[in-house]
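When the chains are written out, they are named A, B, C, D and E in that same order, and each has its own residue count from 1.
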């Protein structure tokens, strides 16, 4: 549709590889045989009805949830129970949550420098420089010394994005980053995300903002009942979906 | 505009008289030389930007706030520190709040009979009869035995109106009665208020519902920074305001 | 156009569900947890079997003297033979039916208050609260209407403990409410008086207060003025607990939105009427769990009257363990006491949790 | 600025002015309080005079003449009642402080155990909490004193550890240090080590901020703390003679002893209070939403770091206020020591001294003031801490 | 004044010990018995003609003086030693001596000591707030001995502690030691050491500043001693009141003169005391002497004309 939908430069470098991933909550089979490859610079939007397992899928990618069967490889590291491995992966995968989850007892700046300093063992000065850089990137450098409680929802979510970026992740995961925001704030967050996409960040994004999906996604994945039902480039996905579930879903969600 | 805007019958009987009223909150001068006469049956709408002192003005009328200078006479009783006087005035002035302030531990019926029984010392039977009458008037007699928490916002506000009416007040004060309501409920409350106006109740209403003002008000008063900036009949007020601040305000509020 | 065929749900791998899955995730999820489980099991094994052995298997249940006990396990014979004293103290044996009757009346009278569908519940409740104390006083103490007097010095045991706790809460509640209102008053002098009162009682240990009441009080009164020792202790306990109740109630008052005060005022209700009709009913309902918790604390605190020589439950047990005929029964005595206190307090705390739960639901309505 | 109302106020209307009323009401209340106070004071004065009871605080200088089994400062029978006061106060503070420390440690362990992923540990913690918080502390003190500690063997059959520590029904005896030639070098070395550790910590933090590198602070600190004094000992000789307890005719004498009264009261109070603190801690930790843990985890923080940097700082603000009242309760409950003959403030001063001198009013006033002072100090300290950690919000 | 207050309320409030066999203790039915209790009963018999009009307050040693000072009790009859400071500074007045006692030591035979001088280093159980506490420290200091005091509020606790071995020796007034001993599980394992380290005149006391009441309590006590000296017993006193020829007896029993009136008591006050409570010898015998479990010799407490110290002023 526009220049954002071009295939990324090095299409062959796999960043995420899910092979036959299954997951159960107790007896409940949430993820069924998920197969998904994401190459570097790809921007993927996950959508689907509530409870279809979108969150679970991306939470499996940084081991906030454990999968029980199948293989997940992130940037060449396989996710096992090895704590070292998990730590490495987590520091390379940034995640942004629906409810921001900023640390309320730390200032915006401290939120951003915490992980670089303690995980990357970065000097404080340097961590702060990088943090300010990213805060400028999300256009709130002037809030650096406030506490999260003093910011609006949109501002908080942008801080959350900056916080994740400060770890210089290779992949960013977003779990409905705008759904807890008032309508007037959604745009500022989406703009920030579009900016990120333009810089070539590999992104996996659970969202129902179809406008956003059209603008930035290389691929839209539709999930239902724990399975990937359809995946396609957004033009195809929105104009001419193959699957009847997808059509139904789209008809409900668009207008 | 329509027949509601006719001058009330006994225009010369003053119900409210404010003469040079000043009020301070600490060092902050909220009301500055307010002069206002309201005759029986008049329906006045107060509007103005937030913080301009509208609520404070009407709260002074039944001594929820104390004014520090000037004279306020309500239905012939001057507001002084005399408790007896205050009690008399309060029982003749009904008030409806933005947040309903129904008593959640009492049923709708008990909410309505509380003041008549304890202030007017009315027998329970009679109080209940009157209450049912007014609940019918606001079209929710069937909810009489529910608790406020079980009603929608619009219903609650109508109960609040009925509760105030049960004291058979001579004047009704409304402080943004619809601004805490979901849009679909605003109309049912406004309708109730229009009904009241048609019955000739003296009303002072803080609201930003300009449609309502057009329909029922005899006079619209515009306040800013603690002063009455302009007052006029609604036709004049909306079509041809004199003051530039009024114009600015109207331009912001009407679409 | 295709129709997606959903794959069937598969059963979870057996190591993730069922007993095995449960144990894996709840007991052995990591090496540290496995270690903790083993340590926990060892602890249980260390405590439970000897305890069961002592309290039940090897215990002696029948007999009437110390010699009937093998001393291998607990000697419950001791409790059994002193049971009446633990319950009634020195209340005359032939008049104990009066205590029983009072207790039965208390329970029977209270039942309708806890049932959902009692008609005129409020009126019944108030009537009960006024009438019961009179009846109970008549039954327990007597001295009028043809009832033989049993002086308070003969009261004792669990009966006394319960009486102190009940009177304590009944007195502390109204006083505490007044103090809470006073503390939130706009009149500075009243506020200062209430704050001082509350902080004083919360700052000193109950036993010093009880000591004062038991031996020093007459020093402050004109000569010849005489108050019953039990009554003085109760007054002190009431003051003490009222300070705590006041803080609980204050929390409730603070939780009532300002709009409620304003609405009541705008309707022409004065201070006392708006408090009684509008504010307090809501505030008190909010803090019922807090009040029950205070009552539990009060129930435990009654054991301190031992320090001033009142024959409450704990004291009657302590005295019994000093009886030469039953020497060496401390453990049995204290375990029994602990059990009884525990039953009462645990029961009440469950009740308070239940209320909290119910209130939570009430708010979400 | 005030109104001068034009309506001429009638006489009765003054009474209906809320301000007038408020004044009147307050005057009455103050008068009543003062009146009652004066009445009690007057009665007391007359009663004291009529009965020839001495009053005043002169008695504090009189010699006490009785022995005290545990005193943290030097005390002999010929010391004054004033000194008995200090002995009692210190004994009370000892119980309170040790009790608070133990209860806090145990309480935090319990609170964390209540949230353990391990079912068994969770249940055990619940059983502990439900058991101990529902039994009166006084009963627990009796239980430990009469049922647990009293049956310990006598001094002759002490349970001993390396013939240096002895446990029997007289308490726990252990060696006591006495100054020897090497004491000063030893103490100086220790002080130097402590200072060095503090400096090291500072330096390590600055270095971490500057370069991000970690310095093994813990191990170096331990090395310093042990090494330096050890060097001093090697160079200047032993710092202390140890007076090892020895069995004498009646008792094991010499060395330090922790008396069973102290053990009972401290054990009972900390076990009791820990049950409440455990619940407080659990509630505090639970008040921090799970999202915080996930966010920290997704940033790559380890569980330990998450707890230390994210969870605990937030939980503390919920924990502190109820924790304060638990501390206050424990301090007040320390007065129950009187029930088993531990020489605390109440038992020594409001008990024995009162009885020997007969000056009830003075001794009780002093005792109550002390407890009020303790309560207020704890409150102020905790409020200050609470303010420091309060969250800033809009 | 106390007498009026007592008459008004209809009973004597009497402070006694919280459990000391022979002196004051509650039996299984909760009824109080003992010498100290009998003094209270004698006062009630004198005032009301009814020895049962007494209410008891069981007091710990620590509470007792405050309770009397404050007016919580009318008479303190609780094995209390008469000392100068108590008499003078505490606002008490001792009315007489019911029992001449001295402080001693009770030890387990197993410890194997035969003299208090061998107690160096011992742990000693005492009751808080007693002269015992002070005498003990004097005695050990004078003899240059070490000791560790463990002070309890009640005698139950000190006895229990001796039994459990928390202390090696229990010190108290000798009479109390005998009383304590029978409260032990195996009394025969314990002996009272021969040393008596102090003078302990025990007697009832009243508040200072009320001479009238003081006299009543004092003379109730003297009446019992005089009765024994004159051979009056509970069995024969009524008879004697009617038939006596002995002027001493007649004056005491109110048959002659108005000695009761001087005390603001009924004429037959002494008759009632002796009839309902008994003479001093009877009381002693019943509670602590041969007729009791304690089996204490009269010793110092024999009448003066029998080699003892009990001596009452004449009624005249």
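We adopt the following convention: a contact is a pair of C-beta atoms (placed from the backbone, for glycine too) under 8 Å apart; a residue touches a chain by one contact, two chains touch by 3 or more.
To keep track of the chains, here are their UniProt names: A, B = Amino acid ABC transporter ATP-binding protein; C, D = Amino acid ABC transporter permease.
Bear in mind that the values here come from a model prediction, so they are computed numbers and not experimental data.
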Any chain that touches chain D and chain C: A, B, E
Chain centre separation (chain A, chain D; CA means) in Å: 50
Chain B-chain C separation of Cα centroids, rounded to whole Å: 49
Whole-Å gap between the CA centroids of chain D and chain E: 43
Where chain E touches two or more other chains, by residue: 63, 66, 69-71, 157, 160
Junction residues of chain C, two or more chains touched: 211, 215-216, 218-219, 221, 223, 318, 321
Residues of chain D touching at least two other chains: 47-48, 50, 146, 150, 338-339, 360
Chain pairs that touch, as defined at the top of this document: A-C, A-D, B-C, B-D, C-D, C-E, D-E
Residues of chain A touching chain D in the complex: 62, 64, 87, 90-91, 93-95, 97, 99, 101-105, 114-115, 117-127, 147, 149-150, 160, 163-164, 167
Chain A partner contacts - residues on chain D that touch it in the complex: 208-214, 289, 291-292, 294-302, 305, 309-310, 313-314, 317, 389, 391-394
Chain C to chain E touching residues, read off their complex: 89-90, 151, 153-154, 211, 214-219, 221, 223-224, 226, 229, 308-309, 318-319, 321-322, 324, 327-328
In the complex with chain B, residue positions of chain D that touch it: 1-3, 5-7, 9, 13, 16-21
Complex interface listing, chain C residues touching chain B: 257, 259-260, 262-270, 273, 277-278, 281-282, 285, 365
